[in-house]
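Encoded as structure tokens, here's the structure I'll be asking about.
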């Protein structure tokens, strides 16, 4: 029951839900939530493969770096969101089309 | 210590730096940056002094020279070589010249800080003065004619700016234009000569020219019926004539006194006019090879005598000095012509010192009295004792009184000229050279002492004139007090160190023994021994053979030559007259006769002036010969000839013809005819443009772009989620198609 | 039994949180559900024996990212924005409507289908290992890996974090007009 | 493998008796032991938290020359029970515009975050619930749930005071996690591991072996940890999130009854936890000052007493500080964290690393007395 496939399926479902959130939501913060889900799904896959497919801990390292990158991405992304809100007074993603200001 | 860029280049670069700083920030600096200019020249002087001490006090062999080059630009490809080198060439002559130029220029700058202090053109004057000096220093440092020409032109521009610095006065503007245009005539020929040399030798570096002379590359080539060497030598000498103001291109120099007096001092003494003599000396082997030394000698003699005669009737103190400069330059050129290489160069140096001193003294007088017409001066000896002392020393020097420097250098030239004219077996007609030379020497003594007597002796005439003589040479506003106070003003000499110290320093160097080590400058009367004859030992005409296999070294390289090797012994005559044979016993007698004769002539000139202007026993001859006086006062009608005949009749007529050609032929047929052809072409192209290009090409493109735009607008919506959907879809299709 | 209990509860927390993130209309609640999902993933790491990764997950996400998200929601007002921009499917509210969800789910299903194909292949090719109760400590090994084999990535990630720190500070700083 | 209370008890004979009683089902027995231990520890700590309120009031009264609570029980010692009963019987009021789910969730999260840390708190060398490999790291991580709960409490109340308090609390807790974590890393470096067992085993013996006396950097690190821990638990002088003079009561302004009680309880228990961690990390924890070769249950109880006494001494210091120092401003708070504590902590970490390399991990005492 607790084999590789179950982890892969959990991560796949998480990934797909993340994608759905990213597409369905128009709120940039919500899209960032979807991105977090997708990143975590990938990190879970790494650890699962590291446990079941190899004997070393490189997968752990990879998922650690994913966490680091996710943290950096969240910080910069949310800074951009706040700046965007200061300028446009909205965080609707369809308003972010001009690539300037 | 080796010579590198770091200890040679500051000589040239320090004044350039001062020029740049003064040009851009001079107004913001205290005292408008004159201290900076003076300091920069002093830096040059310090570096020059080091080189001088190395060369003169025996660190190197007497024929050692420094030659360092770098490639300025290189356009050669394959076998076609077109490379221009720049570089530095320093030999004994350069070392002496550098020290003279930088030293005299330092003193002139120092004097100028006093002279120009309250002048409205103060700042501008100190922009051009260091540039002028740096150009001269660069010219002396140059190793080739090409960079020499560059500095030559910079000096021309600077002299133009300095002469016309009071640009509100029309005479000053005219004088500056005249100087520029007249020297331009010579410059064209100089450039022609340089290009011609380039064509034959493929280089214009001195060493390459010397090597080419030694290898005989000039033989057999003829231009305009004369040999190639003659052609290039004449071209280069014409350039030197323009710059050194030789007859008949001398007309600019007397007018050049329109500028501030220290600027005139710099032009007349240290920098510009000596450039012509310098290039003649550098190209001396070419002049000998081209066999034009007789021409040079004659031109120099005519200038020396003619200018002296004009100087006798001038009343403006600066005009007298200007014509005396012309005359002395004639002696230098004559010295080059008669093969008196060493003495000609020595005259450059000695003349620089006493002429700078004379001009500065004149500036001191003018600044104190606000008057430069000699009839309105007089009796200034009491009021300006230091100036009187300095000016008297210089006058003794220029007049050729024994124990003074002018006697040494001029009488060597005259002795060689005597030998050249009567004993060297030349054309008998060339006897005119020494005759004019000696006559000019007598006149020199006469007019210089005339000037001294009129200015410093007799009763003071300054307060007798209350008419508005103005401040002819001064751009500065009138002093707050009126004209009545002038005689009060001169009661006290300005005891300013900046005005008197340069005069006194310069007057020290009017003594002869600094340069020759003998009392008289001749072989007899030698008191300090052979060793102090450093000038004669160090300066001699270039020996072209030793440059044949000369390998030039780049900047930063270390000179591997033996610096203490003994000089090559011999110098073969190429052709023509290349100076007197030192072993000729006739030469000694010529020198003896020349020295005695010139002493007699000089003293008689002085005595004449004494009789005329102190004792008044003789009436000034000007009143006896009114026709001659008028001729001389009009300067032999040279200016009138140039302006009325050449410019008004010749050039204006030519211009009218050209204008007619331009309007009648070129404009009517070429321009208008081409226009009507164009109209036809235009109509057809308009049709083509409207129908083919506009309708089909432009509008059709627009329609097509609109169509594509419809598609692209949907794809390029800027909505990131749409892009993300596309990304996912592409990824999915990729995974689906790849079989794992 | 304990491990299986942990696995099942973690998986349920993860997936339930994720689904709640998807369906809830309140962005604030979404963030809290995301928190639940992330803690569930930490539990899954724990069942995989990745204790260090699990704790790091809690540390970074719970202590940092989620609070950052909450801050961002609060600083942007948390209102339901409606875009005035041109949209093929009409005006879309910021938390999505029927159309956006339909598109999202459609795309997700396509991706799901392709990935199921992948997973089937993978799980066939990798032999199932027995799931022992042995959980050696990973801290020492991860420490050695970080400063030996993966030192470059380690340093790069520190540079990345510094850049993110500075960049976020600069971007979010209010500019003078 | 890590030591847990189960593995500790399994070395005794009565464990087999218990195993037989549970039908040889080890998992079930372990579950029962964990359940029992959990209940004991949670109850104990809840009592300590309650006593904390009492101690706070008594000590403050002492400092301010008052009497304090003295009616309920001897010396008023049962006052906290009376308060608890009062809270439980009060009406549970929720603002009309509050976010209902988050309003309920926030106090729970606070309690969960605090109680989860108790799992690794080393009461003694044997009687700790679990000795994780990443024990101290886990403790830091899970306690950040408290920050989330503070923030959510402030947000869900839909009140400006609560909102400001919540935002202050969250930013303060996140900020002060950094110097605390780095100063703990210094200790981790000295001990060579993150589990409490490893850390404690390195401080066995006399107080000269405690990490706070190990080297000058560790000494400073101890103080950095203590200051940061004060701020992380929102204690004075860092009690800005609940600054009563500015924000009424900060993030729990709108909470009443037992929900307020949860917040208060969580705060007092967390103070106890950070004091315990400080005692374990820097003050030798539950180690006896002498080495013992045999291991019996009463000895473990002695260790518990030692640990408790150290932790409670620190607890006294915390209360003492609260009634001594005035409150900081927000900018001062952040300046202390980012301009002083964080650089000092990083410096300490580097200093400790250099010390370990240069002196081969020996403490000052070992260098002087030459063990």
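Lettered A, B, C and D in written order, each chain numbered from 1.
By definition in this document, contacts are C-beta pairs under 8 Å (C-beta built on N, C-alpha and C of every residue); 3 or more make two chains touch, one makes a residue touch a chain.
All values reported here derive from a predicted model rather than from experimental measurement.
Chemist: Report which interface contains more C-beta contacts, comparing B-C against C-D.
Modeler: C-D
Chemist: Measuring centre to centre with CA averages, how many angstrom lie between chain B and chain C?
Modeler: 84
Chemist: Nearest whole angstrom, what separates the Cα centre of chain C from the Cα centre of chain D?
Modeler: For chain C versus chain D, the centre distance works out to 29 Å.
Chemist: Between chain B and chain D, what distance separates the C-alpha centroids? Give it in angstrom.
Modeler: Once rounded, the distance between the two centres reads 93 Å.
Chemist: Per the centroid of Cα atoms for each chain, what is the distance between chain A and chain B, given in Å?
Modeler: 80
Chemist: What are the residue numbers in chain A that touch two or more other chains?
Modeler: In chain A, the residues touching two or more other chains are 19, 22-23, 26, 93-94, 97.
Chemist: Of all the residues in chain B, which ones touch at least 2 other chains?
Modeler: Where chain B meets two or more other chains at a single residue, that happens at 719, 725, 728.
Chemist: By the touch rule stated above, which residues of chain D touch at least two different other chains?
Modeler: Not one residue of chain D touches more than one other chain, so the list is empty.
Chemist: Report the complete set of touching chain pairs.
Modeler: Here the touching pairs of chains are A-B, A-C, B-C, C-D.
Chemist: Could you list, by residue number, the parts of chain C that touch chain A in their complex?
Modeler: For chain C paired with chain A, touching residues are 3-4, 7, 11, 14-15, 18-19, 21-22, 27, 30-31, 34, 37-38, 41, 44-45, 47-50, 52-53, 56-57, 60-61, 64-65, 68-69, 71-73, 75-77, 81-85, 87, 92-96, 100-101, 103-105, 107-109, 111-112, 115-116, 119, 122-123, 126, 128-129, 131, 138, 141-142, 145-146, 149-150, 153, 157, 160-161, 163-165, 167-169, 171-172, 174.
Chemist: Please output the residues of chain A touching chain B within their complex, sorted ascending.
Modeler: 19, 22-23, 26, 31, 93-94, 96-99
Chemist: How about chain C: which of its residues touch chain B in the complex?
Modeler: 85, 103, 107, 110-111, 113-115, 117-118, 121
Chemist: Can you tell me which positions in chain B touch chain C when the two form their complex?
Modeler: Interface residues on chain B, with respect to chain C: 719, 725, 728-729, 731-732, 735-736, 740.
Chemist: In the complex, go through chain B and note every residue touching chain A.
Modeler: Its residues touching chain A are 717-721, 724-725, 728.
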